[in-house]
């Protein structure tokens, strides 16, 4: 197969997901370029998380195309395969390995061989240690490195999960509500972080915090009832009557 | 009138101390806001009040009565309702059943779902038959608040209720809290990170750091920048 | 970063204890006169050997249950299959010494009018082959079973119950006389192993020492696995399986690998068990046996390899003791022990001991938390 | 050492406790009684009870413990064949004595074991003869639990029936797993098989727990003894105590002893038993009688040998005669089996048996069946040949 | 009717005694009863029945009921009322001989009695007696009864009974070389219409050498019956499956609460079933010794008691053990395993290790013949009961606040407490309910299985299999799971045999779970997959 000519990294076309007749996604189409960051907004239940589920292989769409790098059909791959293609994800409710230390959580997330035998034989390298140190610093958990992840507060878990996402060094980051439960300052921080990452990678961010979205300063897609309601710069989208009606409120 | 008064509360997780002599109170018809950065102990405070974690020191008084040894359901029967962080709705029950669990502390003739819940969150009415666990995060948050209101509380304890909620509904929740406050039949204790939201609602506030209260005051103190500053460090 | 090698403190303790037993027991048996209180009498040797093979079985259960969250209620099947492989070898060694004096066919075949050896009995007269089979048969079964189950993401109780169904089905199958494994009576009346008479004191001691060695080997293997990054992935799978997938780990491959390894360990345990107790029969496939193995692990402390060994030894020694001392009431005692341990020692005997130790240490040196990932729900 | 220890190796828990616990009790009674009579060789007897818990390897372990640790002079125990097979090597290795009280499949004779229960020729074949003669049975259902005893018995019976001219299509063989509890289909099949116009009977070698549901289902589906009689080899008074026998009246069992046998010995025994257990509802059964015989034989042999040393007892016991409870005198044969009468009883509505037929004299137990290819040339004789499996064709002992 | 019969009898006796005792075949046969030989007894029955002697019926009845006594060549009938009459003279008897013993029976004799009774009661005035007689004659094919039966047919008004009598006549004629071809062809036709297994047996076992003009239609008739029966037997198998399924359902529904809903891996579940069965035993013992008249109702008395007893034990267990283990489901396995050992041994110590007798009330014995189906009453009762128990439980779980709170508590115990649910009470009640249901299952199972300390062990694996196969946490799943496994088992059994059938079923379950890793009625949705 030849390399695709389009710059599109992620391509969703006409994706529909229905649960017992309820359409969580309804003919959704979306395209994301290399090194593009996209903010997704939309009412609760619009299908934002479901969209991420589809991309990461957790949910199989009833219909539609999901292509990664123009050649990988994500609908036919499982979660691990998709992760290995270079798609990483932060979940809406933070999910980390409660029994492992913060450090081990990051270690497990670090990019590298994923097979059982290489895991059995793997040796801990200095490079890895440095990388983990840097990450801990970045998510401000250095002081907690030996604690069990299960003991962290909600917001700390959010940070740890972001750290794990970074550790994977994916080509595409899917970030579901990173600012939830963070203070305004931390929110701003996160925005910085994401902007930084988006210089070399593609990012999809879901967030309800408009200040945060504004700080990201990227193209915004607003979903509603499983399909795209509006797309464009934040100002344009937030001026959209329908968006105001179903999402922003008056 | 002071509904809740917490004095010198301390709480441990194993060997680690999460609360160190916290003193807070909440009065009827007022919103008391707890502010603080991640991991300072806000949730731990609410867990102690709702009875989900045993405390290791201090007292919790509700309506003048020491409730620090009571079981969670006894506190619920007294009129404390808790909307936890992470929603914790019953995933396999339908939305209606989730709301009906709130009947537990009520007398049998009081057992109906008040219409005002559907007025506050119209979305819930259309979802009555769906399973709680299937809802989106924001929908679950609405359900969790609704469920707490079903119990006809006299103290409503909310842990970051705006987390993951779309802006219009945040406004709705704000309005709802304001409405509940003006009804003057309950005290409201609100933990919040979203500063603007807190500022709009709070009658009084406390700021926590490392398990301690480091600052407190009333609404006017929030208008100035120093609290916001404090949270940003 | 903590360095974790196979030889951490726990390992050193376990291994030296095992080594000491392997040396002391034979010495006390052979060179201390029978009258002395330190004498280990002859009948204890195969008994202790049996405990050690049970301990190896417990270890194999702990590896998958304690560290990967796979609760197998069918591990007895792998144990029994290993045992049957060994039993078949021992059966073939009887040669013409059976009651019907048939040089090839075991007695039960003569008895059921079989005219020739079924194909699956061929080769078992050769020890290396039998030994290989004791590993390979449980391993292959576990591989096939695991491949099916893990690939289709059967987890939790569903997995437990189908493992139970597996061992139950095998039990029924082995009970059938038509299967060619001696039916209900199983394989017994062995004469010798590798040319040594199976009932001689010397053989017994050799088998005992081998069991201790196998247990030590199994322990080190498991330690190596759980201390490596593989072990961390296993724990991650145990606690948040789907999250692990999103990090790119093929959970099914991991599970399959440890499940197979664990089954092979169980097979070895079975192979060591049979010559020491002198019989293998389909009763070993009974689901209750597998559940018991799980119970040993829970009693000792799940997720701590040493705990599994301890649990197997304690429960079995208790059983031996009480079935003799309190034949009418031993079930009360044993049942009571299980309830007691669950209520008062949530992390098993070893866990409770550790807690005590930690407490003491904390008292001595102020507060310090232990960050070792430890098994709990 | 001023006591002689006697090991009792019967399951007190697990699936076999139902049957075996009684045997433990009867042994305690016999030992108690012997002690009242002054013990043995001037010493008191002491019972050592252990619980092998219906777990076969545990039988071997416990046997070893009894012999090595407790130094018992003899062991009375086991019920299932597999438990016996499991302990055999231990008894051989440690040279001790086992008395085995249950009817079994035969095909065995060991120097260290005394088989006081029935061999197939003391139970199965007479029963079939009775049915063929008395009930004019022409069609046979051989229903059993899938293990060695039923398999062997059925093989022997099949060969025997065929030798009597029964056609293969008139024999139906059915095996069920241990503890089988849903008998609807099988009972229906039996009914169907039995309605082909020929008189049909069922020879049941169904074991243990499975019997109660089997008989309950027979009663349910209205299979009466007058239509299709069932003759069982493993169902005695003890098993019937758990069933309402009114619908089962007339079904049969073949044993060497029934509680209802009216002899003074038996009356006295029942009386003692009820006093000992302080329960006048307790029933007696065939394996209990076997233990009585075995124990008395052992006592006599020890007295004869003047010691409990196994070698001496083993030599002394062959030829020892003791009265059994049915009015005869049983003798220990050189093949370590004993002579017994064969009795056929019909179930009565009170859970007892009405003896409808018995052999004229005592039948000597065969270790090796004449009807099996592998064993028809074998004989066991521990007196002169000193061999349990002497081949009369090759004139060799075993190998 | 009885009165009429007694009246006739006395009348006859009167005639008989006044006319003096002539030695006839009847009197000749009498001493044979005293010979204590089954073949003599059998022969004597035949003679007596054919003698036409007025005492033959009372004599045969007495023999059947064990009221025929013999001593030194003399034979006496003990009247049901207790009086003793001399069988030879019919006169009451004064001094009773000391060594009077009942004439012994065996199956052969019982058969002869049945046949004789058939002939003797064909003309009886009671419809039930006639029906019984027709059946007996049908089975015995006793040519001697032919004349009487024809008389009876002519007199019979009840069409149903007439059919039975005709079938009896046909059975005699069919194999009878002496009968006319027309009669025998009529017999073939009548039997073909009857169409059951017995008719088939008769048609397919004609004596060798029967004329082809009879053999051919008989063969055809046999074939048609065979194909009809094949159909019925398929149905019958389904019924067996349903009834096995009901047993599984009963055993499993308690578990679907303690395990399925509460998440306790309840290894002591089987022991709860056992306790229920023992409760039944105790109830019946008390009834037997104190109020035997209530025996028919014993199960109804046992049901609530069993529920209370096992429910109580359940609550006790929950309060003392299980409640410390929430959130640690795997540990419940260990504790309940221990508890099951303790309970088993406790029952063994109290009641002894043997099986205990639990009787079947009269209304539960017998079978309903429905076309070619035979539905035994006790199985029907179990099926109905299982469904009733299931339905009740479903209602409780779905529509009562107990059910709602129970589900809420098990889904999130901490939050349920905070919402005001009295979690500890709900936990105790839930575990008690599950145990209580297991207990009433025990009442039903005591009807078909051993009541022994091991009772529970036999069901525990199957119960878990059913709950898991159906899908944990779903009552409907348990129902469908139980029925599927039951029917599949019974459909496999005729082809594969009981052992292989069961193995195949287990393998099928293993493979099925691969297809549906969360059971038949899998819970779906986010909450589960997370």
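To keep things simple, chains are lettered A, B, C, D and E as they appear, and every chain counts its residues starting from 1.
As a working rule, a contact is a pair of C-beta atoms (placed from the backbone, for glycine too) under 8 Å apart; a residue touches a chain by one contact, two chains touch by 3 or more.
This structure is a prediction, so every number in the text was calculated from the model and none was measured.
Simply put, of A-C and D-E, more C-beta pairs touch at D-E.
With centres computed from Cα atoms alone, the innermost chain of the structure is C. One inter-chain figure worth recording: chain D and chain E are separated by 30 Å, centre to centre, where each centre is the mean of the chain's CA atoms.
One finds 74 Å separating the Cα centroids of chain A and chain D.
Averaged Cα coordinates give chain C a centre that lies 36 Å from the centre of chain D. Chain C and chain E have CA centres that are 45 Å apart.
Residues of chain D found to touch two or more other chains are 12-13, 146, 175, 177. Shown for chain C are the residues in touch with two or more other chains, namely 172, 175-176, 242, 328, 331, 369, 376.
Residue positions 16, 134 of chain B each touch two or more of the other chains. Those residues of chain C that touch chain A in the shared complex are 1, 3, 224-225, 228-230, 232-233, 235-236, 238-240, 242-251, 253-254, 257-258, 369, 371, 373-376.
Per the touch definition, chain E reaches chain C in the complex via residues 265, 267, 321, 324-325, 327-335, 337-342, 344-346, 349, 457, 461, 464-465, 468-469, 472, 499-500, 502-503, 506-507, 509-511, 513-515, 517-519, 529-530.
The residues of chain C lying in touch with chain D in their complex are 41-43, 46-47, 50, 95-102, 108, 110-113, 172, 175-177, 183-186, 188-190, 199, 277-279, 281, 283-284, 320, 323-324, 327-328, 330-331.
Contact residues on chain A toward chain B in their complex (touch as defined above): 19, 22, 42-46, 49, 92-93, 151-156, 158-159, 177, 180-186, 208-210, 246-250. Touching chain D in their complex are the following residues of chain E: 38, 104-108, 110-111, 114, 139, 197-198, 200-202, 204-205, 236-237, 240, 243-244, 247, 344-345, 348, 352-360, 365-367, 374, 376, 378-379, 447-454, 457-458, 489-490, 493-494, 497-499, 502.
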